[in-house]
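By written order: A, B and C. Residues from 1 in each chain.
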Amino acid sequence: MNAQELLSIADDELILGWRDSEWTGIAPSLEEDVAFSSIAQNEIGHARALYELAAAALGTTADELAFDRDPSDYRSSQLVEQRRMDWAHTIARHYLYETADEIRLAALKESDDAAVAGLAAKMDREEQYHRLHARMWAERLKDEPRFKEALEELWPYALGVLAPEQRAALAERVGLPETQAVERDGHSDELGELWEEMTMVRRSIPGATW
Amino acid sequence: MIFEVFRQEKKGAAFAHAGSVSAPTAEFAEAFAREQYGRRQESVALWVVPRGEIHAVTDFADELNKTYHRVDGYSLKAKLKEARERAGTAVDR
Amino acid sequence: MRSATKLHPNDRSVGGARVTDQEFLEYVQAGGQVETTDWMPDDYRAKLIKFIEMHGNSELMGVLPEREWILRAPTLQRKLALTAKVQDEVGHSQLIYRVVEDLGKPREQCLADLISGKSKFHNVFHYPTKTWGDVGVIAWLVDAAAIISQKALLKCSYAPYARIMKKICWEESFHILHGRDVILTLMNGTDEQRELVQEALNRWWGPLMQFHGNPIAKDEDPMYVWRIKSQGNEEARQQFLDGYVPQIWELGLTVPDPKLGKNDDGVWEYGEPDWDELKHVVTGHGPKTQERLEFRRRFLEQEAWVRSVVLAEAA
């Protein structure tokens, strides 16, 4: 597994974790707010661990990889970049991403690189709870029109999270037909806006320790 | 629905009442309790119970001096002193 | 302390004798504990609900200034720590509103009263945050002021509240360390970073001094009389100054109050806080009050469907 591939997963987790942390304090219930925040923290934690692996190979640090690249150099999927501050889309994305990530992690756990395989196993153990949470909500919302629309809307983006050979498995698990994916190689304006806010303090005094 | 949460701090410890969460089902209550009472690994186990399943008992009658089945019902000092004196084994204590 | 007498549920009797308001007062002042199903004077219940509700409101509103900085945190470590800190605060509001609900006021009503301005939240959460310096000052000093108040609630006569305070104080312990870590890192950094801290401190000092409230005498403070809290306002403020002014000065920072100093009797003297500002702010006229309440209202309304479809009680 090369550093660029690690970065796509790390960037997915960072950007999704950033998006999920936007719900802190304003989730539909206080109990859910606390639960969803743990998920956001785990995603950032996974991003950090992946960046650290990539940083060792690239001769830099996790923070520099997370914050100091140009927005066009991020390898995140378009699914995670979208700003969807409504619960139906948030849960639809959460459900789709966790299902895709399960497939991706299963492959990573078989990696020849022991460090990658080991990290994938650890991440998978934490993700177990994310999947339980996502399924719990998806089951509860399955008849809700808002949720169904959100799932259909986000479906092409969800396919873009995975490598082409993994997409059939995702289609089977979600129960939607495989269709044209929105690929990873483009970024919308939303990533740029996110990056501006994410890096504004860090950029204010370059090179400083925080 | 309100679910009461009991937590066990470490293996072998008693489960103690920790608080309550509002949830529509037991599944949601478990997820919520796990985070509210275990996200720092501060508990090794939780019991999550619908509040309606808990029966409170708060009144007890204790009217007719039942010291016979408590430690404070047995004062043996005087009898022991007498017995030792009788046996000639009393010493200054 | 005399041994606690038993208060029977929904009934003013103790072992057959009627409990008067005076006996209840003596009971709590002697350290007696009250549970949810015990009888309590209407005034005690009303004051308790108002006090605890304000605490819940404050935890929930305090999240809003801080959550902006989660998104802007300059390192992964700080992002994680801030998210966890704010998560704790949301968790605290959950614990607190549950206590209020068990006292008879549903959570939805508490949130509605918060949004409408009918109920209040603490002054410090009505002010803007402008820089990363604010993030440090809030976690270091504002949280410290709050923790002093919270510790004074650990022996609250109303037992369910005292019990959650234990969990709250335990979780706050990392918040203090995080705050200190952020500040020390800034102070050991560049001149510009040190200036961030000083500038934030200059803005927060006024609200901090007002935080513990007007110095009413303990025995005239119903919260103390009912033993809901174990400390008067001025006592709390003195504790804050005693603990934190030395910490501020030892870093080479200045406090924007030329009158601040400890006198020969060990009492901190200071310039009179602006009590008009305090009143003005907590009655809903703070610089950020309306904007933040509006933000809360927006999301409460937008996601109301989630509560009715998903989170409503199972039929």
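The definition used in the following text is that a residue touches a chain if its C-beta (ideal position, glycine included) is under 8 Å from a C-beta of that chain, and two chains touch if they have at least 3 such contacts.
Remember, predicted model here, so these are calculated numbers, not experimental data.
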| Using each chain's Cα centroid, which is most distant from the centroid of subunit B? | A
| remark: Min distance from chain CA centroid to global CA centroid: chain C
| note | subunit A to subunit B, mean C-alpha position gap in Å, rounds to 46
| query | Where the centres are mean C-alpha positions, what is the separation of subunit B from subunit C, in Å? | reply | 32
| query | Distance-wise, how many Å sit between the C-alpha centres of subunit A and subunit C, to the nearest whole number? | reply | 35
| note | Multi-partner residues in subunit A (2 or more other chains touched) are 29, 31-32, 34, 38, 140
| task | Give the residues of subunit C that touch two or more other chains, as numbers and ranges in rising order. | result | 87, 91, 94, 107, 310-311
| query | Multi-chain contacts in subunit B: which residues touch at least two other chains? | reply | 21-24, 28, 36, 39
| Once bound in the complex, which stretches of subunit A touch subunit C? | 18, 21-22, 24-34, 37-38, 40-41, 44-45, 47-48, 51, 62-63, 66-67, 86-87, 137, 140-141, 144, 146, 197-202, 204-205, 208-210
| task | Provide the residue numbers of subunit C that touch subunit B in the complex, in ascending order. | result | 8-9, 37, 87, 91, 94-95, 98, 107, 163-164, 167, 310-314
| message | Help me check something: in the complex, which residues belonging to subunit C touch subunit A? | response | 60, 63-64, 67, 69-76, 78-80, 83-84, 86-87, 90-91, 93-94, 97, 107, 131-132, 182, 185-186, 188-190, 192-193, 295-296, 299, 302-303, 305-307, 309-311
| Tell me, which parts of subunit B touch subunit A in their complex? | 21-24, 27-28, 31-32, 34-36, 39
| field | Interfacial residue positions of subunit A with respect to subunit B in the complex | value | 29, 31-32, 34-35, 38, 129, 132-133, 136, 140
